[in-house]
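Supplied in structure tokens, the structure appears directly below.
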Amino acid sequence: MAEKVMVKGNEAMGEAAVRAGCRLYFGYPITPQSELTEYMSRRLPEVEGTFLQSESEVAAVNMIYGAASTGTRVMTSTSSPGFSLMQEGISYIAGAELPSVFINVVRGGPGLGDIQPAQSDYFQGTKGGGHGDYHLIVLAPSSVQEAVDLVQLAFDLADKYRNPVLVLADGMLGQMMEPVEFPEFRDLNTLPDHSSWAMQGCEGREPHKITSFDIDPINLEKMNLGYQKKYREIEANEVRYETEMIEDAEYLLVGYGTMARILGTVVKMARNEGIKVGLFRPITLWPFPYKELESAAEGKKALLTVEMSMGQMVEDVRLAINGKMHVDFYGRTGGVVPTPEEVLRELKKIVERSE
Amino acid sequence: MAAKAIFKKPQSLSDKEFTYCPGCHHGIVHRLVAEVIDELGIQGKTLMVAPVGCSVFAYTFFDVDGTVAAHGRAPAVATGMKRAMPDKVVFTYQGDGDLAAIGTAEIIHAANRGEKITTIFINNAIYGMTGGQMAPTTLLGMKTTTSPYGREVDREGYPIHVSEVLKELSGVAYLERVAVSSPAEVRKAKQAIKKAFMTQIKGLGFSLVEVLSTCPTNWGLSPIEAINWLNENMKKEYPLGVFVDKVGELK
Amino acid sequence: MSENILIAAGFGGQGVMLLGQILATAAMYDNKHSTWLPSYGPEMRGGTANCTVVISDELIGSPVTDSPGELIIMNIPSLLKFEPALKEDGLLILNTSVVDRAPQRKDVEVVKIDANKIAEEIGNTKISNMVMLGAYLEKTGAVTVESVEKALRKKLTGKKAALIELNLKAIEAGMKLARK
Amino acid sequence: MPKNFVVIDEERCKGCGLCISVCPKKVLDFADHFNSKGYHPATQVDKENCIGCGFCYMMCPDTAITVYRENVEVKG
Amino acid sequence: MAEKVMVKGNEAMGEAAVRAGCRLYFGYPITPQSELTEYMSRRLPEVEGTFLQSESEVAAVNMIYGAASTGTRVMTSTSSPGFSLMQEGISYIAGAELPSVFINVVRGGPGLGDIQPAQSDYFQGTKGGGHGDYHLIVLAPSSVQEAVDLVQLAFDLADKYRNPVLVLADGMLGQMMEPVEFPEFRDLNTLPDHSSWAMQGCEGREPHKITSFDIDPINLEKMNLGYQKKYREIEANEVRYETEMIEDAEYLLVGYGTMARILGTVVKMARNEGIKVGLFRPITLWPFPYKELESAAEGKKALLTVEMSMGQMVEDVRLAINGKMHVDFYGRTGGVVPTPEEVLRELKKIVERSE
Amino acid sequence: MAAKAIFKKPQSLSDKEFTYCPGCHHGIVHRLVAEVIDELGIQGKTLMVAPVGCSVFAYTFFDVDGTVAAHGRAPAVATGMKRAMPDKVVFTYQGDGDLAAIGTAEIIHAANRGEKITTIFINNAIYGMTGGQMAPTTLLGMKTTTSPYGREVDREGYPIHVSEVLKELSGVAYLERVAVSSPAEVRKAKQAIKKAFMTQIKGLGFSLVEVLSTCPTNWGLSPIEAINWLNENMKKEYPLGVFVDKVGELK
Amino acid sequence: MSENILIAAGFGGQGVMLLGQILATAAMYDNKHSTWLPSYGPEMRGGTANCTVVISDELIGSPVTDSPGELIIMNIPSLLKFEPALKEDGLLILNTSVVDRAPQRKDVEVVKIDANKIAEEIGNTKISNMVMLGAYLEKTGAVTVESVEKALRKKLTGKKAALIELNLKAIEAGMKLARK
Amino acid sequence: MPKNFVVIDEERCKGCGLCISVCPKKVLDFADHFNSKGYHPATQVDKENCIGCGFCYMMCPDTAITVYRENVEVKG
């Protein structure tokens, strides 16, 4: 077992990327993720990698497009306004099916908002902030350790499916320090071989062409059907979630990321008071664990979704539950983090109503 | 001894027919770039980034690995590629809407960083693909579909001089403005393009060749009228010449 | 279940961030769960810096708090900001070298430490934060002194390694003062 | 067979006329017929006087022209 | 009654804006909406308005922000990739609550895609392509005449709620000509007075400040709660939809925009064959007519949603139906427009299944 | 006769305390802008656009109508405003990350169009607000949190010379680089700012004043050391002076 | 219910777009519903231009079609592209001045018009499109000639107004030819 | 009362010392006490020799300084 170290979430995600074999980073500073950019600027040269601070997030996402076109592991990180600026580029990357990893350390919005933790970019990340029928794979860690693990997974999924993967964190996860065990360094020689499609020079083979473009709608639709086939495959294989004490639970809390760890505290507090409550935590936000949540909710008296937003994931929760029970929602936004106490109060209201 | 083909389609061009309008200079410049790639023997290690614009299909016209960038972002895409594969030769091909409007920040910063990439910049003073709208390089007085009353300083501002701006950036190692309005100019343009690629191969920094080009379709002129118009009007606003040359003579 | 929730707050240069990190790291060495969360952002420009440390035997839910159980206060603005939030019967450790006014709360334990003076006596005002940490350790026993030492050795490397002994002395001094 | 001559790929030609305009020997002109794109392609009307200078090739935007010359090795 | 004229959708929307009192346009050409940009460049100087071709869509959206800050009616138009580039700015505009009108003439995606009509930007428009908890009001016309009417409505709603309004059209609507009756010119003196908040110079009053920014999360949340209150109001007041032959219908087609007019043909064809089918057409996509659709669907045997996408609005349809019946979906994407015949075939499959 | 306050906080500044670090030059420049507004008597018709950066709060510091633009987009926001209200005086205030990195395209095109707006450009060679990352203007060799090994040409490219680039654009009517490192320089800077505003008021085109400024916090220097560092290093890379002046002498 | 679905196709300069617009506008004057939809985009560069016109007594659903009832074909590439899609028993009007090959379909009505020649005779090859339109009107009766004239007068204004009579003559000539 | 003097708003002052550094008469210095932000504010220690030149005002980044002069009308 590797030694535990105390690391800041932002830096931990950077180190996780390096250990996953990522040697290229393009990005632009923005609070509350700048430590990740800064970490990469220090760390990548140490491992003969390349760090480049782009002139903007628009440039960054297009640098990612270029680097990913060569089949090289590459990533960027940003926070909400920066991620909005990347939407056109992400749509291109999804269309060109380029493996790449994005981290959005979400902050309060909309607009300039503030720099405190939030989850109000869920729709943008999961439904497609850009144009066209595409999907990112979206992973939502709830601790620094899990952030490390999911960043690693992100690179593997990106390569496996030739798809951009988004790690959706928030300002709290980016800023906090927690004990972490890092995985071993990936042997660069064992990374997936992309030479069959990537742009690496056409010496001795037919030229490779990479594009999200086809002027003929019939062909463009074919490309789209290809993406859709892949998406169905991902939905079948990659759904991830976690439950806590749901077996005997009469009530179910649903939350992801930082919010879910706070809900963990709520579960304990509620159980102490005799309320039988469990927690369902989606880890993949896309693909969303619709079926799994549906069966987890079966037989429960009520369900409360809690987000650091005005209600975004709750739509997916409703789609999962599909009318079988009432879905309650509690949310704070703009960088306000709900305390366990206030969530417990909400839960009790529902319990009262349901008894 | 039988006759020999001494001028023929370069190998680095694919067999695809160009999608350009009759007489459009895009085709001439494509051929020059391909000739240079052939002559430098770099076809197997060249990566090309096409823009959005009439030359959006250029990634299929060259027989090298190729892609299309988002509108204006070719320099960023090329930067990502080159940083990933420093031993490859990366070039972008951009129109004036692409490079001088939406892509301003990307070209300036790629140039300023001295990215070791080569950009072929087609300045035809108009947006071709989308149907003849005003470009930042559109001349004063010129009527386009979005400057229907003729470009006027107070409304639409001045024609932008891309090479004059870029020459102020320390990362630029080769920078020349050429035209392809006559065989002699075509020959000079080819030399410029070759030097630009050499700049990259030698690792000297960023290189760009601006080519004054016609857009007969959107100028509403015949191909030959268009060349005359270019010679009489565009060259006054955009004088040809070398702005930066850190390469020196080619052997 | 034992749990400590601390906010340490002061000016930018006073080392409250390091204080918190050392504490959280020490907890890790004690095989406890711990989180450290800084305040961040532009309000730091010339204002106060603070961090929250949670130490627990169990998995930690929220790493933020509205009602800390303990406060380490290194300047006046921080006292004004955080004193009202402190839990009843909470612990307030005050650097009286900088904070020349008395706390308002009567329902908490107040420990006054003339930290700058003591640090200066030991040899460096910059280690006033460790004096404060010492007092905290003494009062709460949240982590072991051995782990704190280990955390310090991990953190202070290179040129800074020379300061380890000084830091340890400061901690000791703080503990001693708090014992009184 | 003449010493120097050009071969024009009529289907690639878009009838822009740039080659015709630059030929110093005026050996090129538009054909009377249409190609399948609907253009009158350029064609070498004077079979004798081509000097193989390559001007036409240089100006052709559609690489429709190949220039043949006798006894020459270098390309250029 | 005004004279009918034959106009292209793009130009009709431009003229509608001019008649609604819009005297400012900032935008960037992109197929298939460029005729709108071009129209404004010709038309606005005629009415002493100002047209400016921005250097990019990013610049355009920020020019809108600036102009709207002064309380002046202002608009832009673009197509999919360009709209993606506007997401950061739109989030700012929503946060700063600036009245403004956007037109997205959607084309095939993702990425560069093609330039043919599509509806695959539904999520982006309705769920928030940008960051943060905000909403655009989204209007979806299905004919050139309706495009004219909704552009006018867009300005009024924008002013009424101080909110950005999106007219979500598609390439077909932009490119086609249809007979249109234009409304009268709005008297500029009757336009809403924004002097109580707009930036017009502080002579004789306290300075006005416009922002989406508050560094204190509690305050930022308050701002957000303000937006949410407004959104609830809009949901209560502004839902618009249309139905066709739903009273006796056993089956329900759901579609919006161009797709809906094609569904109109399907309804006729199906009725000719004795299939009792009706059409539900949301006109406001946000706020979505959840309740209205729910009651329209009551008692029907089955429901088929058809989109020129791989399935986006269908999620809202499912949320509306909330498990009460199975919701079928048929879609084409990438610029392919479903023909009435193929939709009818799909409908018949469902009819067979349901009999 | 009693003593009179001859130097005092200008009226166009609000009573809000600045959020800047001790010794930061942002505050000096704010005051100069406010003095100029007072002297020109334009407080009631001035609209200000703050950037994202340490001066993000500037829209609250000036007692004029104000807003914050998205990062880098102040020139576009100002363009929208000015085109909507041509008789108002519109100014933007931008840092070097804001203007010279993400906002490159917007400043270039606002300048090129000759937008009748005024930009105050604070060049402190670093990103202040986000914690000392490299700016495009960061000097070679300078260590920042994202150039931890010192800025190097091959990695991070060259410091960009904003005024040198902008001077190539025909729409620019006033352009000067100043510093505020001494009372004499402060006086000159104020004159420059005044001329920039006059340029706008006279409708001559785009005006910009680049101010070399300190960031003691992120440079890791005391306020006074920072001024010395600026004088010794920044002025070499960025020489002070007038680049464009279409206004002439002020009465 | 009467419905006409026409695709008119040719080179860029041949005026098929105007032809379609005149037709659709005339339908409007006849108090019918009508739509006109151009092909657009880069395939137009040096390629073919075409438009679809739908005329109907009822509200028009789809303004596009995969199977037009009528074709006006002005060049060879357009013939190759659209001939296969024409409905059985459909109408194919061919400009034989430019299209020197015969259509393949045997199940449709083919009307051959030497439009350029006739236009030239009238005085301007540029009005070959109106000759074709005339033939179309004669064959389909989709709209009234009066409305076509009205549409032309609406469309051709300013300098172009001088061309109205010429255009009307061309239409007449086309109608006459198609009657034969 | 002296002819010329400065009034420093101690609560606005952040103790950067720029005023002190430029005063040609060296009449300014840091106060011993802290203000509530925790800074030692600048203060006019020499009450006599201020010439009212305004250098301190000009360099003060926090508009904490007001300079008073006697018998002067113009500002500047």
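Each chain carries a letter (A, B, C, D, E, F, G and H) given by its place in the written order, and its residues are counted from 1.
Keep this in mind: a contact is a pair of C-beta atoms (placed from the backbone, for glycine too) under 8 Å apart; a residue touches a chain by one contact, two chains touch by 3 or more.
This one's a predicted model, so the numbers in the text were calculated from it and none came from an experiment.
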Required steps from subunit F to subunit H (each step between touching chains, minimum): 1
Centroid comparison with subunit E (C-alpha atoms), farthest chain: H
Centroid spacing, where centroids are CA-atom means, of subunit A and subunit B in whole angstrom: 39
Approximate Å spacing (C-alpha centroids) for the pair subunit B, subunit H: 59
Cα-centroid distance, subunit D relative to subunit H, in whole angstrom: 84
Touching two or more other chains - residue numbers and ranges from subunit G: 41-43, 46
Of all residues in subunit B, the ones touching two or more other chains: 20-22, 56, 68, 70, 101-102, 104-105, 108-109, 129, 136, 156
Multi-chain contact sites of subunit H, meaning residues that touch two or more partners: 14
Footprint of subunit A on subunit C - complex, ascending: 21, 24-25, 28, 33-38, 40-42, 58-66, 151
Residue ranges of subunit E in contact with subunit F within the complex: 24, 26, 50, 52, 54-56, 58-60, 62-70, 72, 74, 88-89, 92, 96, 199-204, 207-213
Partner subunit D, residues of subunit G touching it in the complex: 11, 46-47, 75-77, 98, 100
Subunit H - residues contacting subunit F, complex: 1, 3-5, 12, 14-18, 21-22, 39, 52-55, 57-63, 65-76
Subunit D-touching residues of subunit B, taken from the complex the two chains share: 1-10, 13, 17-18, 20-28, 31, 180, 182-183, 186-187, 216, 222-224, 227
